[in-house]
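The following block contains the structure, expressed as C-alpha cells.
Naming follows writing order (A, B, C, D, E and F), and every chain is counted from residue 1.
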Amino acid sequence: MGFTHMDANGNAIMVDVGGKAITQRMAVATGRIGMSEECFLAVQNGTAQKGDVLGVAQVAGIMATKKTSELIPLCHLLNLTKSQIHFRLCEAEHAVEVTCTVACEGKTGVEMEALTGATVALLTVYDMCKAIDKGMVISNVHLVEKHGGKSGDFVNFNCKKGENE
Amino acid sequence: MGFTHMDANGNAIMVDVGGKAITQRMAVATGRIGMSEECFLAVQNGTAQKGDVLGVAQVAGIMATKKTSELIPLCHLLNLTKSQIHFRLCEAEHAVEVTCTVACEGKTGVEMEALTGATVALLTVYDMCKAIDKGMVISNVHLVEKHGGKSGDFVNFNCKKGENE
Amino acid sequence: MGFTHMDANGNAIMVDVGGKAITQRMAVATGRIGMSEECFLAVQNGTAQKGDVLGVAQVAGIMATKKTSELIPLCHLLNLTKSQIHFRLCEAEHAVEVTCTVACEGKTGVEMEALTGATVALLTVYDMCKAIDKGMVISNVHLVEKHGGKSGDFVNFNCKKGENE
Amino acid sequence: MGFTHMDANGNAIMVDVGGKAITQRMAVATGRIGMSEECFLAVQNGTAQKGDVLGVAQVAGIMATKKTSELIPLCHLLNLTKSQIHFRLCEAEHAVEVTCTVACEGKTGVEMEALTGATVALLTVYDMCKAIDKGMVISNVHLVEKHGGKSGDFVNFNCKKGENE
Amino acid sequence: MGFTHMDANGNAIMVDVGGKAITQRMAVATGRIGMSEECFLAVQNGTAQKGDVLGVAQVAGIMATKKTSELIPLCHLLNLTKSQIHFRLCEAEHAVEVTCTVACEGKTGVEMEALTGATVALLTVYDMCKAIDKGMVISNVHLVEKHGGKSGDFVNFNCKKGENE
Amino acid sequence: MGFTHMDANGNAIMVDVGGKAITQRMAVATGRIGMSEECFLAVQNGTAQKGDVLGVAQVAGIMATKKTSELIPLCHLLNLTKSQIHFRLCEAEHAVEVTCTVACEGKTGVEMEALTGATVALLTVYDMCKAIDKGMVISNVHLVEKHGGKSGDFVNFNCKKGENE
C-alpha cells in the first residue's frame, strides 16, 4: 500500500478526486493540553466567570477548520457544512481536552479539517496561558472517527480516553 | 499572576507591547507523531529515495510559522528573520520528531510561531500518510527553549527527550 | 426565537447546514460614506477623469466578498457565482452610496458577503480620500433584500433610500 | 490638495513612505449597529449569561485589524503593537456601539486598521443576530482620533456621540 | 466581441456564472525559466541528490493554484479536484520548464488556476536560485489546453514547444 | 557558490537574516504579455475610455506584492514602504509591458516582491482578456535592477528591451 500523495516518480501531488462520488463526510478529532495546577485553575475560574480563554480558543479552532487547505499543502478546499469545537476540563490531570467535529458534502474527507481545528484551538489555549505556564504540553491529538467516502467508516478503538497521553 | 490576554473586565485583548524594547528573540519547539511500523517504513524509505513526505512537511511548517498571527487570534504579527524545520526519525518508536526554530527582532516573543510551525509540519505528515494509517497520534508538542525579551530565558528541563511521550 | 450561532450551552458554533437544500441565493446590501464638499468634488472629478478612487474601491469590494468567511468567524465558505459593486454619487449630500449584489448556489445565504463587500468598498473610499478629509462617516449599511433558502425572501421596506442616514 | 494614492497620471499607487520617520502611532475608531428590541435583549441577555455574541465579535474585530492591508488595496502592512475592541450597550436606542483602538510604531498611521476592526466587529454582530433581525443598520462609523506622524493629531470634534447616527 | 469582466458602463464585475451548467473542467498551462549554466547545474545536481529546489517549487505551485481567486480580482473561487506540477530540465537551453494541470467540476474554467500555479512555481525557482543568478528570465507562460464549459475545448497549436521562447 | 535556501543536509530553510543590517532596499521587475491585435485594441480602447483592464491589473499587482511571503515558501515577510505598477502599451508588438517597483527598509531584498507584483498584474490582464484571446503569452519576466543590502547593486544589462522576448 503506497502513498496517495505521490505519483510514480515521487512527485508531491494533490490527489485527483475528480472521479469520486459526492457523499456526506464527517470527522471528529481530539487532543489535549496539560498544564500546571495554577494555570489550570486560572483557566477554570476564568472560564466560569468570563468564558474568555476557551471562548477565544473556540473561535480560533472554528476559523482554523476553514483555513485547512491553506495550511496543509496537498489538502483540497472543501465547503464545510458544520464546524464545532468543544472543551472538557479534566480536573484530575490539570488538562483541557478539545473535540472538533466537522462535516461537508464532498469528494474527499474532512479528517485534516478536524485535526487542524483541534490543534489550533489547543495552540490558542497555550498562547493565552503562556504568561503563567510555558511548560504546557499538547498531546494525544488524533482522529476519533470519520464517516463517508470510499474508505468508509473509521473508528479509533486503539485510543481509549485517558490512555497513552 | 494573571492572564495578559485579558483586561480587568475579562475582555480578550492583544497585549499592548508598545512600551517594550526591541530585542533579539528566538524559540525552539518540538513535537512528534507516532505511527504503525508499515507507515513508518514507508516514510523512511520514501525519505531515503525521494524526500517527499518530510520535504513537503518541512515547507508546510516553514510557511505556517509565517501565518501564526492569522491563526492565533491575539498573536502579534512579527517579521521572522529565521524559520527552520528539522525532522528526526525515531526507529524504535516508529515516530517522526519535529523541531522548529524561529527567530526575530521584535517586541514580543516567537514561542507561538515555533509551536505553530512544529504542529503544522506534523499535521502535514498525518495528511500524507493517512491513506496507510489513520490511527497516528501527535504528542509531546511543547516549547523547548526561548530567549530574549523581558521574561528572559526559558529552558524546558521537565520535558526530557523520550519521556512522557 | 434564539441565536442560531449558539448551542444549548452558549458555545459559538458554525451552524450545521448539512441537511439544508441547495438553492439559488442572492443578496443585495448598501451603505454610504459622507464627506466634505472638497473631498466629494475630488472623488467626482477624479472619477470622471481617471476612474481611480471608485475603481480601486470596486475591486476591493469584489475581492472582499470572496474573503467573507475568513473575516466573519462563523460564516460558511461559499462559492459565489456573482459579485458586483456599484456606486452612486449623491451630490446633494456629498456622499458616495455603494450597492453590492452577490449570488451563489448553496445551502446558506449570502447576506454577509453582500454586507462585507459594501463595507470594504466604503473603507477603501475612506482610505483613498483620508488625506483630504479624515472626518468622513460611513452610515446606513444594511441588507436591502435577500432571496432563496428556507427563510425565503426578505425585502427591507423600513429603510427607504434617503431616510435615517 | 490632492489624493496621495494617485500619481500625476491618475494611477493607483501605494504611497511611498520610505522617507518618513518611524513614530508612535495610534488611532481610535467607532461605529454602531441598531437593532430591534427583541434582538437587543437577546444580545444583552446572551452577553450577561454567556458573553457569546460580543465575545466572538471582539475576536473577529481584533483579527480583522491584522488583516487590514489584505483588504484595503493601497494600505501598508504594519506590525500592530496593540489592538483592542470594546462594546457599549446603548439600551435607549437598542444599539451596540463598538470602539477599536490600535497602535504601532511605524512610518504610516493606523486609521484604517481601527476602522476595519470596528467594522468587522459590527458585521460579526450582524451575522450572529441575523436569525432574529435582518433589518439591523450599521451607522456612524468614523475615526474618533489619531496621533503620531507628519499630519499630527486629529480629533473628530464634529461627531458628537448620539448625533447623526 | 467584448470583455466579459466589464458591464455596459465599464465597471469591473465578477462574471455572473449562476446560469451556467456544472461540467468537468481541466486546464494545462506551461512556462519556463532560463538561467546561467552554473545555476542550471546547481539545480540539476541539487535535484538529483536532494530534490530540493524543484521539490519546494512544486509545493509552492500546488498551493498557489488554491490561492488563485485571492490573487486575480475577478476570478471565482473553485474547489479544485486535481492540481499537479511537473518540471522538465532542458539541458540544451539551461532552462526549467513547468507544466501545471488543474481540474474541477464547476461553472467556470480553471485556466487561471493552471497559469497561476505554473507562474508561482517558476517564481519559487527564481527565489531559491537568485543567490547564484539574478539574471534569470521567465518566459513562454501560456495556456496549453483547456476542456469543458460552454466555450468548449481549446488547444494552443500556435505555441509549439521550443518555439518563440 | 551554493544555494542559500538549503542547509548542509539539503533541507529547505528560510535563510537566517538575523545578523544582517537594516538598509534601504528597492527592486524593479518587468514582464510582458503578448496578444492578438483584436485583443490589444480592446485593451487599448478600454483603457482610453474606462481604464478598466489595466486599472484592475494595477490593483492586483500592488496587492500581490504584499502577499509575496505567502506565495513563495522561503521568502521573509517584509513591510513594504512603496509598491507601484506601471503599464506600457507596445503597439507594434500588440503587447502590454508591466514594471513593478518596490521598496522597503529591511534585512533582505525585495526582488521577489517586484517579480510577484509584475507577474500577478500580467496574469490579471490574461484573466480579463481571455474571452477574446486564450493564446496570450507572458514572457521576458525578469529583474531589471535592485539596490541595497550586502550583495549591493544589480542592474540587468543583458536584458535589453525588445530582445529575446
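What to note about this one:
By definition in this document, a residue touches a chain if its C-beta (ideal position, glycine included) is under 8 Å from a C-beta of that chain, and two chains touch if they have at least 3 such contacts.
Computed from a predicted structure; not experimentally measured.
Counting only chains that touch, the fewest steps needed to get from chain A to chain F is 2. For the touching copies chain B and chain F, the fraction of interface residue numbers used by both falls below half; the interface is of the different-residue type. A count of contacting C-beta pairs for B-E and for E-F identifies E-F as the more extensively joined pair. Averaged C-alpha coordinates put the centre of chain B at 38 Å from the centre of chain C.
As a whole-number value, the distance joining the C-alpha centres of chain A and chain C reads 32 Å.
Annotation for chain F: residues touching 2 or more other chains are 10-12, 50-52, 55-56, 59-60, 63, 67, 70, 73-74, 77, 79. Interchain contacts give a graph that is no line, ring or star and is not complete, per the touch definition above.
Chains touching one another, given as pairs, are A-B, A-C, A-D, A-E, B-D, B-E, B-F, C-D, C-E, C-F, D-F, E-F. If you check the complex, the residues on chain F that touch chain E are 1-6, 10-12, 31, 38, 42, 46, 49-53, 55-56, 59-60, 63-64, 67, 70-75, 111-112, 115-116, 119-120, 123-124, 126-132, 134-143, 146, 154, 156, 158-159, 164-165. If you check the complex, the residues on chain C that touch chain E are 24, 51, 55, 58-59, 62-63, 66-67, 77, 79-86, 103-105. Contact residues on chain A toward chain D in their complex (touch as defined above): 50-52, 55-56, 59-60, 63. Looking at the complex, you find that chain F touches chain B at residues 7, 10-18, 69-70, 73-74, 76-79, 106-107.
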